[in-house]
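Note that the chains are named A, B and C in the order they appear, and that numbering of residues resets to 1 at the start of each chain.
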Amino acid sequence: MAALDVEVEQIAATPARRGRRVFWLAIAWIAMVVAAAIAADWLPLASPSDIDLMARRAGPSPDHWLGTDALGRDILSRLVFGARISLTVGLIAPLLGLFIGGPLGMLAGYFRGRIETLVVGGIDVLLAFPPLVLALAITTYLGQSVLNITITLGILSIPSLTRVARAATLSFADREFVTAARALGASHRRILMRELLPNIALPLIAFFLLVVAVIIVIEGALSFLGLGVPAPAPSWGGMIAEGRDSLDTAPSIAFLPAGAMFLTVLAFNIIGDRVRALTDPRQGAL
Amino acid sequence: MLGFVGRRLVYLVPVLIAVSLLTFLVAALLPGDLAVAMLADEATPEKMAALRSEMGLDQPLVLQYLHWLGGALAGDLGRSLRTGEKVLSAILQRLPVTLELMLFAQLIALAIGVPVGILCAVRNGGAFDRLMTAIAFGKLSVPAFMLAIVLIYVFSVTLKWLPATGYVPLDEDVVGNLRSFVLPAVTLGFGEWPVLMRVLRSDMIATLQEDYIAMARAKGLKRWRILLVHALKPSSLTLVTVTGINIGRLIGGTVLVETIFALPGIGRLLIGAINTRDFVVLQGVVLFVATGFVLVNFVVDILYGVLDPRIRYGRA
Amino acid sequence: MTGPPLLAVEQLSVDLPTPRGPLRAVDEVDLELEGGRTLGIVGESGSGKTMLSRAILQLMPRRARIGGRVLFDGRDLTRLDAEALRRLRGRSIAVVFQDPMTSLNPVLTIGRQIAETLREHLEIDASAAATRAIELLADVGIPAPKQRLRQYPHQLSGGMRQRVAIAIALSCEPRLLIADEPTTALDVTVQAQILDLLDRERQRRDMAMILITHDLGIVAGRTDEVAVMYAGRIVERAPTARLFKAMCMPYTEALLAAIPKLDAPPHTPLAVISGRPPDPTQPFRGCAFAPRCRYRAERCADQRPSLIPADPSGHRYACWHPISPRAA
């Protein structure tokens, strides 16, 4: 998707940021969020969908550590369960893109010719749609569910991952070790798996992390519009949308999920950026 | 030159066809029955059959596609299932609002991005540069809707300076109209300026190291003249390209922003169609938007070729 | 030689910070130049000659540290504020860079690039500037000057472009012209033309000129005085004729020997100076040329020779083992 493309390319164009502390903070945050999301069922949290009209928009209290929302539901537990949705979609959809787009890009970059034209043409068609619009259209037709949204966003992430895989493959394909392997009679498959794949894996993973960040944002946007994961499942985007009506009385209802999303997206950006810096010899630590 | 344009045109047509095909297929392959979805509670076998044949749903897929495409090329995108209004006229009616929003957003992005980019390039590595780079990086993690909430909270709820929603048509009240666009345009524009600024900055850093800049200094020219005339002009090529690409991103962004701020633009039309399951409108809007997107990118490509002759004659 | 010199460089040093430590690009250089005279500065790449010219104009990179003084017309340029320097540049001191393809802005017309200098310093209007620009282009020998105003640098040949650069430099009648390797990027056939042009204009305008080059052959006959630079230092200085007749410093001798001679028999091996210039980030005691000098002795590596006069003509050299005056 063009937005994905340009945005991620712009991130990729920034010089590697120094700051080990920031990097490890990011890892810590992600680890915490992932752990909470996985262990959500076993944590001592209130139920995320329990409506308590007596305790609406309440501030922090022993019962509700982060307060309650407009319907009296516990914000902290909604945040944790919402993390599940964001992380599930945010991680699995790009994985889909990676496992389809990666090989596609590699094949396109390695074999060139008609395969490449086909792949590139296909990408361009997908990229011709503003991503949000396409996501909306597809989820409308498919119906709203975690699975459908994951599939949709996965499809949307294929083009940019294909591009990166292709570009990385192109840059390696005419290096000497590939020619040497071919001279030794290695089959295409062997070259692809043994010579090229290990080399493009790292840049691809770096890009993948950046894609994760963008997907979390898009999922958030969909939920915000009410067109993502259907209620009553809590999602960060949906919580922000709900919090909008309470901005004047209890702004934290909107800002807590916003903060959670911001930190998570930022963390993935930082980590992805650092991994990318590792792979790019130009930006290597000197 | 003509050859260059011609080549791009030849490439354009298949893309447009593919776009229309995809738009159509997404709709046509939906699980379940369109007639059922539309009629919902009132579905009876006779009504469904009648509706299907009326909408041509019982014909082979290819024929349906061609029928639809033919209509689209003639300007007929069907009628809204809900209001019966012609889709194309509904789009055209809302287009000015969306365009106004995009224009303002782009202007804001430029107004912030260009000066900041220049300043960062000039003071490369300095405190300001590092600060702005950090802000730009952080900004990439703040999506439009989040920013919108923050802006609404600060400017509408707390300071009460600007309306949170509501649109005033231009011919009614110019000031009111502009006021209703401030928050939406700032939301969108703020999302774009980091990208602009980063690109301009790296381009200008490279330009500022060129010999002709040293020469300009040796000629004793004023600082601002060197920056704006000698340095900015060669860097403007990338600026144009990024602006062009931005327009594409903006199109997607308007959907969100129009919904949040209740502006009657195309984005809102799309969301409305989704919510009311008005598939005809949905299809028409998606086609319109995607086509516009492709055409904008096409123009940007041409413009790029015009500005940089190296692109015209093959890989730069 | 009456009155104070137009340009006086006193103990000028330039240090550039690099990741490997400070780099001494220019090392305690002294120079004088009278109005209307030409000084040639000769040295190989990396000798610091370009940095020296930039230092005179105070056009160093921001992080550079400058020591010493640069006196132009009695004013110390190292102490002037930015605005005063700006007014000086282009007006009283002008520069011609090495490569006109990169020193002219590719997206601005020639006319614009000439006119902007005129309008900046002389406060004349656009049409007067255009007229003057045409005159200047004619002066430097560019045919059809009027048409050139609208053309872009890439539409001209290399020699033409350099002429334009010279026209720009001369436009405000500077007192001093610094020509930094003005012919290095040009064809051999064009080189002589450009040098002759510089010569002619200099005489016409009674301008002082600094001619920077790596080619000793260029300064012969075109300069009044020559200074030889090595590793950021001036190692020999003399009125030109004297230098060629009675050079003292072995480096100068080696430079001269390195010029291929047209009348040498075929397959004569080119005389090269073995070794490489020293790493400027490593401070060295003693003579910088010592590792490559064939006359070197113990003392050369330990003690740095200072410039001492060879004779009353102003000939100075820095060497512990000067070559004795050669038999003709």
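As a working rule, a residue touches a chain if its C-beta (ideal position, glycine included) is under 8 Å from a C-beta of that chain, and two chains touch if they have at least 3 such contacts.
Here the structure is a predicted model, which means the values were calculated and not measured.
The chain occupying the central position, as judged from C-alpha centroids, is B.
Chain centres computed from CA atoms place A at the largest separation from chain C.
Between chain B and chain C the centroid-to-centroid distance comes to 54 Å (mean Cα coordinates, whole Å). As a whole-number value, the distance joining the C-alpha centres of chain A and chain B reads 22 Å.
In chain C, no residue reaches two or more other chains under the touch definition. Of all residues in chain B, those touching chain C in their complex are 210-212, 214-223, 225, 229-230, 233-234. Of all residues in chain C, those touching chain B in their complex are 57, 59, 86-91, 94-95, 97, 99, 102-108, 116-117, 120-121, 165, 168. For chain A in complex with chain B, the touching residues are 2-3, 6-7, 10-11, 13-14, 17, 121, 124-126, 128-134, 136-138, 140-143, 213, 217, 220-221, 224-227, 237, 240-241, 243-244, 247-248, 251, 254-255, 258, 261-262, 265-266, 269, 273. Touching chain A in their complex are the following residues of chain B: 14-15, 18-19, 22-23, 26-27, 29-31, 133, 136-138, 140-146, 149-150, 152-153, 157, 194-195, 198-199, 202, 242, 245-246, 248-249, 251-253, 255-256, 259, 270-271, 274-275, 277, 279, 282, 286, 289-290, 293-294, 297.
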